[in-house]
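Consider the two complexes below, in which subunit A is the common component and subunit B and subunit C are the respective partners.
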Partner chain A sequence: MTAPDLIVAEPAHDPAPAASRTLRRPPKPELSAGQKKALRLARTLVWPAIVVAILVTQIPFLVTIYYSFQNWNLMRPGSRGFAGFDNYVTVFTGGAFMQSLSATVVITGSSIVLSVLFGLGIALLLNRKFFGQGLARTLVITPFLMMPAAAALIFKWSMLDANVGMVNWGLSILGVDPVQWNTDFPALTVIMVLTWQYTPFMMLILLAGLQSQSKETLEAASVDGAGPIRSFLHMTLPHLRQYIELAVLLGGIMLLQVFDPIAIMTRGTGGTKTLSYLLYERAFVGLEIGEAAAYGVITVLLTIIVASVALRLLFKIFSSEGAKS
Partner chain B sequence: MKRFEMTKSYSMKKRLALSAIAFSSVGVLLAGCSGAGGGAQQADGPVTLTLATVNNPQMKDMEELKGAFEDSHPDITVNFVAMEENDLRDAVTKDVATQGGQYDIVTVGSYEVPIWGQNDWLVDLGPLAEADTAYNVDDLLPPVREALTVDDSLFAVPFYGESSFLMYNKDMFAAAGLEMPTNPTWDEVAGFARTLNTDDVAGICLRGKPGWGELFAPLTTVVQTFGGSWFDEDWNAEVNSPEFTEAVQFYTDLVKDAGEADPVSTGFTECLNLFSQGNAAMWYDATSAAGPIEADGSAVAGKIGYVHAPVKETEESGWLWAWNLAIPKTSNNQDAAWEFVSWATSTEYINLVGTTLGWERVPPGSRTSTYENPEYLAAASAFAPITKDIMLGVNPTQPGVNPQPWVGIQYVTVPEFQDLGNQVSQDIADVFAGRDTVENVLNKGQELAQQAGDAQK
Partner chain C sequence: MTTAAPASTAPRTSTPAPPRRRAKRMRHHVTSTALTIFTWIVTLGFFFPVAWMVFTAFKTEAAAATRTPTIFTALSLDRFTEVLDRGFGVYLLNSLTASVMSTVIVLLLAIPAAYGLSIRPIIKSTDALFFFISTRFMPIAAAIIPIYLLLQGLGMLDNITALSVLYVGMNLPLAVWMMRSFFSEVPLEIVEAAQIDGANFFTELVRVVMPIVAPGIAAAALICFIFAWNEYFLASLLTSTMARTTPPFLGSFVDGRGQFLAVLSAASTLAVLPVVLAGWLAQKRLVTGLAMGAIK
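What follows is the complex of A and B.
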């Protein structure tokens, strides 16, 4: 209740003359009966919004938790019942979960690192005046605007097909034998598609960062005798710190949910069964609603833990480096 | 004091009223949601039927021709909801399993029909079909009818059916001086494939894409003709038996030595692509592939020979699949639904397709009379007679060497099978890539299969 209280309290005492006095920390103002009434009305008006917010955001998750304690296979309608922690036991002893977790870390992690690196490179190239800069920027963004399923299909049929794919054709010019991408390098295949798609996204964020850097600072650095590499490492990179953090955070959130290239290209083989694909398989191939819900609950918990602990840790490293400059 | 209390109670009332408005508006929202998924109306006056179907060409023809049905049944309108195969499976399973009642007619594969029938989800069409003499239920192809029957109840009727056979490029065989027997063995086929395999042309195309309906459709028939099976008569798993292992070893070795490149990417569509462009000498797959192969635009039309599925220990090794129409028990328009279902699976419909759209577009593999129709036989002379032979020759009650406790050839008719087949086929992808051995993979599969088998005991 405290948060909405604060929100409604704001407009109630804002126009009051007492608030205009310059106080470092305004004491809680005494409210007249009329003000209290207005406040109560305001609070009441907020109720529908709170109810809708709770319904919309929390009910699906609560229902998922309920399902995760059910023994429910869609194809066996008679056997539905309370399962206790059975589904969670299956999740942790089945062996699929840890494999899938490591697949998720490998695929998400390498795709993010690669697309940030490529994105930074392209952003540096685009961050200078040249003829056709706008056109070049639009062209570079295209992969990110493409639907993930369409991108996966393009890679499957046009780029990586073993017989008619452009990548194998390019390699054959260099004298390399045709590569069976999906069979021999499934994880790499998925990482390639994701890197191709997310590089423009990283590039956009980093380019915004580069363009907000003041030219005077860089000029001053070069007057002081810093070469382009030194000014990049000691001026530009620390400046980009928070942009990189944001890119990694947003990229991580989006890539954790990745599904299309796996479903279309590798079908979860060879270390590409990420958590989202595993969840899909449990629910729609295994038809085990309870088990899939348990995977879902665990995934949400893990995501919260990763988001709050690991990212904070990562940012701390970045900020201590940034503080030096 | 009194006044204060009055104000308080007044404002309390107001607050309550506002809250009530808030909650009731949420209630309206929720009611709206439940209304969207609600059932159909009672069958008085005009009826609208909702039909969930798979977006195959034969189903699109049905949608195109539904006007003929609506003309003769002015009270009935049929709405088609066409989906991709996996989406259809998801959507219809969810709707039927949760008693959603969204569909009056559903298109169901032959794997699901017995399972759903046993769950009491489908209307028994047997009595309706037998009461309707014009429908001629005995004309349905016997093995297909058998696969759709559980304890004498016919839970669905076939719209079209297929088996599997071996297709080979006659030009390539002639150029290499090879001759294909009508009933080849797998050893002969492997020999041909290894002889004909070159850098540009695969000796044979065999599905390798994971999935119980992709890789394990052809592979299970190979396992059965090698004498193996998923389960014995008492639902004991037999996945790591010597026969099963030999069959998987044979299949993966053949693909690695003389098969298509990148097997994990290769399913039905990819093989069709490869074979119809003349980039594979042989292809073992569904009989329904013959249509697109002989169609205009195929580089190999007229050059393809069709022979029985290769065998080892059994006489016949083709699979059996049918897309069927069924009526969920949740439908409120079961009589009207049967009117449409019986029309769409009748001889009359087959003749209608033949005369209006062309005889090569007739849905095959559902009725014996289709294969006695001279016009169809003339249009599909290359593959129709052999398709009929195979479809009448397969035995869905005992396709392998030993008896099995389920009816079905390339699948096991239990709910757990799609999960089991999917997981084992994903592990076999590691065998194609050389990351794992057949023994290892099948030992893992044995454990999964035993869990599935225990659920049947």
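What follows is the complex of A and C.
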């Protein structure tokens, strides 16, 4: 495996998860005076950023946890009080939560799978010398740069509109009757625009993976008589595995929080009420602060579960790569 | 494949080898051309919504709202002036303010932090790094309610500075994460040489390390700018009239009544133009930045 550029190589940056690191780390070496000074300085430099991150993200979250145990509706200011687990009971017995969870899984999951597949296909197409290669790549990354609000609007009204949408016009050439995308398939419209926007992102990561693959090995395989499909399945795909996992992880983090296309295209109708949209509705339309906070806490717990599994995987990949080289 | 057919008759000639090789090269050439054409079809299909948006922005409303698309039609800048007449400039300016302000603050915090995280030997750098990454994982939904109520209490709703501070929180982890990978590229010898010279850490940072990591910083800054420029959720909840940025304004731009496709396309074109142009120009750096930040 010749991919040293992928590895966090410094011994001080041991990428193993905290639990296993304490077991593996050799006894702490004595630091010289200069090193101690450097360490103090390093801490001084890092602290401001940590403090700001705590203030802007962590403390509000703690307050959210506190709110989630409060009986608090902004329409009835006098009735605020401690509610115990009432909000959580409401969430789990209300029915909206499970629907929302499945909407989140369907929309996030299918957008990730589709954008990774398209991203891989386009990365393979772009990873060869051809006429206008640079221009083609520039055009392909554009959807990722596009403002999500604008992308959602253009898809809703210009591409997928039942009467004047370009997609229906394209289908009419093929003899297919007009489809009422926005009213009949709201979840699909959201998945389409998300896939379109995230394919370039996946493509960039996978293209980086393809370009890090050794050309000599592939040529050797070709000389040995391996066809393009065989060498793709047995050499390129295993090589790309960690890039695919990374793409899925990063895409998952971003897509779990997705809000814009739902607010703009469907307003949560037709199986598109994801957790973040449900929370928005409970808090800012229903003004149920306590209940919405409970949704927030549950969303974070779910994200932590998904992300820590994914992160552990990521660190495992890095450390096993490091061990190999 | 049809061009490959003569190859099967080739052995009848006196010197069989060269034609066969030529046929193979020919076949290779044909598949290569076919692949290139296919690549371009996919690329253009993928880019089509963007191109169509820009094209529609120059049409009249009547020409934009047809079932069969009009290609040959009178084009004008009228839709753009219409958008700007509806006060779009103010929203663009608000977006610019929030994006620039938040990106500058992020850089001021993230550059020292990333540098600190790359100083050797640092203990617990993984813990700090893990912390930064984990804040990025946290859905903004988890923090929005207290933030909204706090800003409401302070009378700071619809305030561009408050929005910028939240964008700092949003982009800081990503910036630290990306930049650290660039900082750890700085050869140890260079840093040590500077230390022996007696340079203190800040002159070292500015004179020695910064020039090496400048491209990485530029990439991180661009990505922070893009995320702030495109952000919709916080902007739509925390701003209303004075500090409204482009994405929420765009979201409330049409109500689905009457003909609006051309003017919507014009507004969208103006909204995406700065970031798309910047992204195109800085494409190489953007790609490196994303790949580095993501993979390292």
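Quick note on the criterion: the second predicted complex is superposed on the first by the 251 of 325 C-alpha atoms of A that agree within 3 Å, B and C clash if a C-alpha of one lies under 4 Å from a C-alpha of the other, contacts with A are read in each partner's own complex, and residues count from 1 in each chain.
The rule is simple: contacts are C-beta pairs under 8 Å (C-beta built on N, C-alpha and C of every residue); 3 or more make two chains touch, one makes a residue touch a chain.
These numbers come from a predicted model, not from an experiment.
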Self-check item: Partner chain(s) touched by A:L39 [first = subunit B, second = subunit C, both, neither]
Solution: second
Quiz item: Which of the two partners, first being subunit B and second being subunit C, lies in contact with A:M265: first, second, both, or neither?
Solution: first
Quiz prompt | subunit C versus subunit B, contacts on subunit A by residue | solution = C
Quiz item: For A:L287, is the partner it touches subunit B (first), subunit C (second), both, or none of the two (neither)?
Solution: first
Quiz item: Counting only touches as set out at the top, which of subunit B and subunit C does A:W181 meet: first, second, both, neither?
Solution: first
Practice problem: Figure out whether A:L218 sits in contact with subunit B (first) or subunit C (second), or with both, or with neither. | Solution: neither
Quiz item: Just subunit B (first), just subunit C (second), both, or neither: which does A:T299 touch?
Solution: second
Quiz item: Looking at the overlay, does A:I154 come into contact with subunit B only (first), subunit C only (second), both, or neither?
Solution: second
Quiz item: Taking the superposition as given, does A:L101 touch the first partner, subunit B, the second, subunit C, both, or neither?
Solution: neither
Self-check item: Touching partner for A:P143 - first (subunit B), second (subunit C), both, neither
Solution: second
Self-check item: Footprint overlap on subunit A, where subunit B in one structure and subunit C in the other make contact
Solution: 41, 44-45, 48, 52, 55, 163, 284
Quiz prompt | Partner subunit A, residues of subunit B touching it in the complex | solution = 7, 11, 14-15, 18-19, 21-23, 25-26, 86, 90, 93-94, 97-98, 115, 119, 121, 208-211, 260-265, 274, 279, 415, 418-419, 422, 426, 429-430, 432-435
Quiz item: So in the complex, which bits of subunit A are touching subunit C?
Solution: 6, 8, 10, 12-16, 18, 21, 28, 31, 34-35, 38-39, 41-46, 48-50, 52-53, 55-61, 63-64, 67, 121-122, 125-126, 128, 130-132, 136-155, 157-159, 163-164, 166, 169, 196, 199, 201, 204-205, 208, 243, 246, 250, 253, 256-257, 259-260, 263-264, 275-276, 279-280, 283-284, 289, 292-293, 295-297, 299-300, 303-304, 307, 311
Quiz prompt | Touching residues on subunit A, where the partner in the complex is subunit B | solution = 33, 37, 40-41, 44-45, 47-48, 51-52, 55, 73-78, 156, 161-163, 178, 180-184, 186, 265-270, 273, 281, 284-288
Quiz item: What residues of subunit C sit close enough to touch subunit A in their complex?
Solution: 32, 35-36, 38-40, 42-44, 46-50, 52-53, 56, 64-69, 109-110, 112-113, 115-117, 119-123, 125-150, 165-166, 168-169, 172-173, 176, 184, 195, 201, 226, 229-230, 232-233, 236-237, 246-248, 250-251, 253-254, 260-261, 264-265, 268, 271-272, 275-276, 279-280, 283, 286-287, 290-291, 294-296
